[in-house]
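Note that the chains are named A, B and C in the order they appear, and that numbering of residues resets to 1 at the start of each chain.
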Amino acid sequence: MAALLQVKGLKAYYGPTQSLYDVNFEIQTGGITTLLGANGAGKTTTLRAICNMVRTDGTVRFDGHDIRGKATEEIVRLRIAHVPEGRGTFTSLTVDENLRIAAYTRKDKAAVKAELERVFGYFPRLKERVQQQAGTLSGGEQQMLAIARALMLKPRLMLLDEPSFGLAPLIVLEIFRILKRINDEEKVSILLVEQNAALALDLASHAYVLETGRVVMSGPSEDVKNDDNIRKSYLGY
Amino acid sequence: MRTLPSRKWVAVLVALAILIPLLHPVMPDLVSNYRLFLVSTMIIASIAVLGLNLLTGFNGQISLGHGAFYAVGAYTAAVLMDKLDCPYYLTLPAAAALSFVVGYLFGLPALKLEGHYLALATFALALAVPQILKYKWLEDLTGGVQGIVLLKPEVPFGLPLTEDQWLYYYCLIVMLILYWAAANMLNSRSGRAMMAIRDYPIAAGAMGINTARYKTVTFGISAAYTGIAGALSASAVAFVAPDSFGFFLSIKFLIGLVVGGVGSLTGSVIGGIFYVLVDNSAQALSTFVKNDLGLQFDLSAYTIFGILLIVLMYLMPTGIAGGLFAVIRRLRRS
Amino acid sequence: MEQFLEQLASGLANGAIYACVALALVMIYVSTDHLNFAQGEMAMFSTYISWQLMQWGLHFWMAFVGAVVISFVMGVVIERVILRPLHNAPILSVVVVFIGLLAICNSMAGAIWSYLIKEYPSPFPKDAFGLAGVIGAHQLGVMLVTLIVLSLLFAFFRFTPLGLAMRAAAQNPQMARLVGVRVDWMLALGWGLAAAIGAVAGIMVAHIVYLDPNMMGGILLYAFAAALLGGIGNPGGAVAGGFIMGVLENMVAYTGNQIEKLTGVYIIGNGEKLTVALIVVIFVLTLKPAGLFGRVVVKRV
């Protein structure tokens, strides 16, 4: 079966500076894959490159279609949801408006209402705060909002950039549990960029390790977890 | 960036500028009084545009209101000549001083403003100038709506020149002095500081440049230059009235700045020549459009200016001077 | 007292115009971070279009709608064709282009329709309403139309998906793209709406100031002052600022006239209106840049 997302020889540039040199990986439909690496390895850049938020070169294929170079909003309309680092919630809009804006591109308006209920099912806390301004939510709630909003796009692939950043461990666990549910129940494939390698390797079935713009290791999470180098560099034991 | 052609060229051009008008008695139709007057206005325009360029081109502070300083200079000269019988050449230092003060004072609050906001503040200033000039309490001085009628400069020392020839040389001398001074300033440490503030405002401050002082002083100097141009124009046109100093004057300066070349001394000269040329040809153009093209259309210079302002931002943001120097550089390389 | 009320009422009517233009300015500022110096001339041009439509036989309100729609399209086209390519250009370039637009609109209006001042009809029948001679029919009509337009806009932005998308695009364009919003078109729409609002303002004010290519200069200045007063990023503030400036304008002139009547000394009057606006602009920019209702944006180095 062809991979859902195929990235070959991906290069990325911030202006004149090159950030990714030769990134290669694949994501199969239905799985959770994680992208690990130290600060500056290029993890965030990779997610940005998939959505054409930076200048790129190489090949990016989604569901067999070439998407490299397409406008970001068009890529999103192909049902790739990107939850950026820092959450990216519209702070001046309410929770409700944040969710509705994601439904803006959906054609099936009737199903949207049912969707909202489903999403509140995953994040009951958001339902309580539905009319609240997003900027007044706590960090954890904003992360939930960002994921919920991504769900409203009815994505086939969700890109998550450091969802654990700045959050208390309990909240992170709760969010990761919900991510697993979403992956199971909604059949959304997930590409997870994380600094918290231990958590990520528990959640994901597959892992890629980035170092200065290149993939240096890949394999099933179990193998990566048990690799000596990885253990020393990223897991701390 | 090179802002002046090489010394050799400057010398040649200056020599031509000095010698050609002397041919007037020999070629009265080619080197006519009217043409001399026109070139004088071009020289005045070049000085005005240089003023704007010092502030916007070399120091990065956007001004849409330089017409105000031109008006200050013009009225200073007019009032001095009309009320105090001041000789025309003494009006220049006075106009320069007053314009400098006004510019400096405006530069103080302008320190807090950047980009659009400074443009807005100067835009507001330009719009308000005619009204300020018509203010009742200033009427005794300014002559109100009717303005002040003046005399053209007399030819001194009984020199065998016509009034227009003398006017031309008078303006030329002033222009050469001012441009020489500007070139020196820009080549010095102060000039580099000015341009550093334009290009890297935060870094410049961090490097120890007293940004505030440079910016306000530059505002003053820039206003003084344009003010001198205004004072010259009072003598040249022999008339000042509030409505000639409206917003559209500032548009002309902007056109000169942009067409000639932002941040270029040569560009200021080209820009001044350009807007006077188009302004003067507007009538002829309008007639051409009406009679030859048959369109019932009062084509105004400002339509051309407007289109040029927009088109140049895409095609030649460095103006004619920039384009010219680029061509010369390419020719030199090959 | 009656004269005072008259001045107040006329100030509110003028204020309604300023509110509209200020709102247009804020809309463009919020979505593009640019100040549209050409807003006034665009509105004036739209008014001439409506005049022309009436010359061709259209009834006032038909010409009104026609001009507003045409202006909307013009705004979209200007954004897409002229401003889009300057997306990352230095500020000077953008400001220059706006001034260019200003010059073109002004001179084209003069070229096509001449600089002769024209009368412009009022659609509000003099006998139908007006309050006890304090406020005229046209002034009341202007405030009514303005209120309707502002309410429609508010409803649009608050309750429709497209309005929501535009708000999101203005607030955080990058994130808006990540939820599939076509941000570029949102900007164009913003321009279209701003142009349309400008057209409404121009058409409403033409009866008061008479139709001529230079009619909007002072109004634009007052609108800028209003927008700054309300906090340049704040649409509600712009509207409030507009009414404040309208009343202020008249009150200053009225006070000046009264002082002259009482003491014979002329300090300020109708001839200083632009100077008053200039003072407000400088004042707000230097002393209270966030305006009365806005938030101060701290620039991170």
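In the analysis below, a residue touches a chain if its C-beta (ideal position, glycine included) is under 8 Å from a C-beta of that chain, and two chains touch if they have at least 3 such contacts.
Keep in mind the model is a prediction, meaning the values are calculated, not measured.
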Least hop count linking chain A to chain B through chains in contact: 2
Leading chain pair when contacts are tallied as C-beta pairs: B-C
Chain centroid nearest the full-protein CA centroid: C
Rounded Å distance, chain A centre to chain B centre (Cα mean): 57
Interchain centroid distance [CA atoms averaged], chain A/chain C, Å: 44
Gap in Å, rounded to a whole number, between the CA centres of chain C and chain B: 32
Touching residues (chain side chain C, partner chain B) in the complex: 33-35, 37, 82, 85-86, 89, 91-93, 95-97, 99-108, 110-112, 114, 217-218, 221, 224-225, 228, 266, 269, 271-275, 277-278, 281-282, 285-286, 289, 301
Chain C-touching residues of chain B, taken from the complex the two chains share: 56, 62, 64, 109, 112-113, 115-117, 119-121, 123-125, 127-128, 131-132, 134-137, 202, 247-248, 251, 254, 258, 262, 297-303, 305-310, 312-314, 317
Chain C contact footprint on chain A (complex, rising order): 51, 53, 71-73, 76-77, 81-82, 84, 88-93, 97, 100-105, 149, 153
List of chain C residues in touch with chain A within their complex: 161, 164-165, 167-168, 171-172, 174-183
